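The block underneath contains the structure these notes are about, expressed in structure tokens.
A, B and C are the chain letters, set down in written order, and residue numbers restart from 1 in every chain.
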Amino acid sequence: MNTSAPIENLISKEKIAIAFENVSISYGGNEAIKNLYLNFPKGKVTALIGPSGCGKSTVLRAINRMNDLIPDCKIKGRIFYEGSDLYDPNIDPVEVRRRIGMVFQQPNPFPKSIYENIAFGARINGYSGNMDKLVEKSLKKAAVWDECKDKLNKSGCSLSGGQQQRLCIARTIAIRPDIILMDEPCSALDPISTLKIEETIHELKNNYTIIIVTHNMQQAYRISDYTAFFNAENVDDGEGGKVGYLAEFNETETIFGSPKQKITKDYISGKFG
Amino acid sequence: MNQDLIYKKSIKRNIIEFLLNTIAITFTFIVVLPLVLVLFYVLIKGGEQLNFALFTQLPEPPGDDLLSAGGIGNAILGTIIVTTIASIIAIPIGVGGGIYLAEYAKGGSFSKFIRFGTNILSGIPSIIAGVFIYGTIVSTKIIFGSSFSSLAGGMALSILMLPTIIKTTDEGLKLVSDNLRKGALCVGASKFTTITSITLPTAFRPIVTGILLAVARAAGETAPLIFTALFSFYWPQGSESFLEPIASLSVLIYNFALEPYKAQNELAWAASFILIILLLFLNLLARYLNKLTIQNK
Amino acid sequence: MSNDQSGQYELRRRTDSERFLDRAFRDLSITMASVVAVLLIGIFLFVFSGAFESIGRYGLKYLVTSEWNPVSDQYGAFNAIYGTIITSLTSICVAVPLGIGTAIVITEDILPKKIRETIGLMVELLAAIPSVVLGLWAIFVMEPFLRPIFIAVNHYFGWFPFFSTKPIGPGIMPATLILVIMILPIITSISRDSLNQVPLPLREAAYGIGATRWSAILHIILPAAISGIAGGILLALGRAMGETMAVTMIIGNSLNFNWSLFAPGNTISAMLANQFGEADGSQVSSLMYAAFVLMILTLSVNIAAQYIVKRLSLKY
């Protein structure tokens, strides 16, 4: 199985948030993901799962052009967002990132106060309303307000890991993106914090398109509407390199209940990965 | 295509970006410009003077009726001798001190003071090192009754080399994985054997890089030499030369740049040419070694 | 039990000589390390004891008077101290924006990688040019080239004390500019290292919420690197204060005090370079007093640099 053929149209055209059309991404000379066709549905939670090295984080970071920060990262093919190819030379990546927010694997609050963590992003996005209200609303939406409300002037780094991650979610919500990308947001957290983040995602589901990379299959099952399963295959470069591809994409129920590919079934049932 | 996402040149944010980019690149240009200009002038003005006699002849004492100021042979040799003396003093002490800091020190107050002292010593103005050696060695004639000498010059330079060598040895040894040390100790090697046959060879390249940089810095120094090694218009004579004043490229440049005679000034440019070539070679060699080290990581 | 062991482990018991070697090596390395302490304390005591006589005789008056007369045995180093401080502070003010700007160009992605690497290498090579060669270049190339500009500044802004004398060649201004060239590599490379150490997740956080390159640099990346940069600036200040050769060659070594930057001036290190070799009597002690002042200045700047790096880096 070398290329993933265009997936059958699960989603009607007007409900597509992001569309990958034959996308390949490489670092230096090493290909990370190959010939990807994938449509992400609007207003839903889509989970990206798969063994490590299958390029799922790379796919996620391609959506808001975070890969621009990595030297030698090259992308082929086209990624559409609201009718525009995100990698068209006329596109301003700053505009893209203001509409497609991201929550990272490691909580990375700014070394500023909790209040400033929210306000900084809002300010550079030209927010002109009541800042106090925005801060409160964002923290509430991210379910971290109760823990923060008495210490808004304390450094964001003084919070616990789980609280920091919810602060980062609040920071992302504050800039009112259309889409929120989450790159294994719970991998550095304890089970209780993880549960709280999942609750937060449930809350956000109604207003945002969410795309989440996760290592945890139960988590994918709990929170997502759609699931894309990525796999990696060996390439014959003599160095044991691997390249990722999309193995199967469907509604989460189907992926976990009756996957069409054997490899998906093996992965879900824990035979590898 | 969605118009909102398109890069717009004329909105305020992008104008500010453009302005700041321009400023930063202009600043960079200003920083790089002196290097280009200095190298250009040294290579042109010094290159003109380049001939065989430059290496074989002695400089003439200043005078206004000279067509040529002679050569800089003794200064080239002097720079090599003084720098070698400095290296012979500074390398064992520096590497030894670095070994202590990286391998033996346990974070007590003595090692803290040595680390602190190394940083402070590297910040001491080079002229002070010259003053110190002048006061303790030259004016007291403590070494076989000689005053100004290449030995005194080498000592002054070694003070400047010492902190660099200690620091790079310390840092180089710290890069060596602890597992390697444990492995050696567990087969019954003594600490001495572990250091000399395992850790030191592993850290060889970064240490040599540091030593080369220290040598390059010392070879270009002037201030510590002007009243320790002084200057000489003659060739160093055998073993006595260690106890006699000695010429060096840097002091020659200093002395002859300030002479009112054109011939002498030109000789200063020629000496600069030789000195710069020597130093750039040492620096590029050090950088090359360092790059190899990083790639091997 | 098998008897086919052909070798014997004779060293199973460590021999006395091996034990001795092990201990001697350790003691040797401690001795080598102690040299640093001995040197540092030795230099300090030497300079202080040399200056003792003058400190007693002239006291603090030495710091604020500028008469320097070996014939009448009157010494005051205000001229040299003023020169040291004005040249180093002015050069820092010029070099800091230039150096940090260059460090940003080298570390951020404004220019293609190849160009950035070349710039980085050039900055390091600039540091390799010896002071005395820069002095030579300053005398014969830089100062003659800039003199018309200085004369014009004096012509139009002569009412301002700092520009009040006619430029005649060597002076405080060209010395300051050559110092700028000498400290730029320090500020640039330390700033570059500090910027490189800002963790990638922090950059991603900034860009991830739609920050532009410069709002990320100015609000997030630079503040995170500030401790290293501040330390680097102080180290550069210390270097500028102690720098000798290039300054001696271009500052004019004047014993008369003048506020103007275009007038010939002096610095402590230039004074030492010029006079120490031929000084005797109470002039030696007075020069040592100047050296002592220079030591105190550079020591405090260097200690402050180490303190700042330690103190501020705890924050992140």
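Everything that follows uses one rule, which is that a residue touches a chain if its C-beta (ideal position, glycine included) is under 8 Å from a C-beta of that chain, and two chains touch if they have at least 3 such contacts.
This one's a predicted model, so the numbers in the text were calculated from it and none came from an experiment.
Engineer: Which one of the chains is farthest from chain A, going by Cα centres?
Structural biologist: Of all the other chains, the one whose centre lies farthest from chain A is B.
Engineer: Specify the chain pair with the maximum number of C-beta contact pairs.
Structural biologist: So the chains sharing the most C-beta contacts are B-C.
Engineer: Cα centroid separation between chain B and chain C, in whole Å?
Structural biologist: Measuring from centre to centre gives 15 Å for this pair.
Engineer: Compute the distance, rounded to whole Å, between the mean C-alpha positions of chain A and chain B.
Structural biologist: Inter-chain centre distance comes to 51 Å.
Engineer: Calculate how many whole Å lie between the centre of chain A and the centre of chain C, each centre taken as the average of the chain's C-alpha atoms.
Structural biologist: Those two chain centres are 48 Å apart.
Engineer: Can you pull out the residues of chain B that are in contact with at least two other chains?
Structural biologist: In chain B, the residues touching two or more other chains are 13-14.
Engineer: Residues of chain C that touch two or more other chains: which are they?
Structural biologist: Those would be 212.
Engineer: Mind pulling the residue numbers of chain A that touch at least two other chains?
Structural biologist: Answer for chain A, listing residues that touch two or more other chains: 94-95.
Engineer: If we count contacts the way the header does, which residues on chain A are in touch with chain C in the complex?
Structural biologist: 64, 66, 69, 71, 94-95, 97-98, 101-102, 104, 106, 108-111, 120-121, 124-125, 157, 168, 171-172, 175
Engineer: Contact residues on chain A for chain B in the complex?
Structural biologist: So the residues of chain A touching chain B come out as 81-86, 88, 90-92, 94-96, 99.
Engineer: Can you list the chain B residues touching chain C in their complex?
Structural biologist: My answer: residues 13-14, 16-17, 20-21, 23-25, 27-28, 30-32, 34-39, 41-42, 45, 92-97, 99-101, 103-105, 111, 113-114, 116-121, 123-132, 134-136, 159, 162-163, 166, 190-192, 195-196, 216, 220-223, 226-227, 230, 250, 253-254, 257-258, 265, 268-269, 272, 275-276, 279-280, 283, 287.
Engineer: Name, in rising order, each residue of chain B that touches chain A in their complex.
Structural biologist: The contact residues of chain B facing chain A are 1-2, 4-8, 13-14.
Engineer: Touching residues of chain C toward chain A in the complex: what are they?
Structural biologist: Of all residues in chain C, those touching chain A are 109, 113, 199-212, 215, 219-220, 223-224, 315-316.
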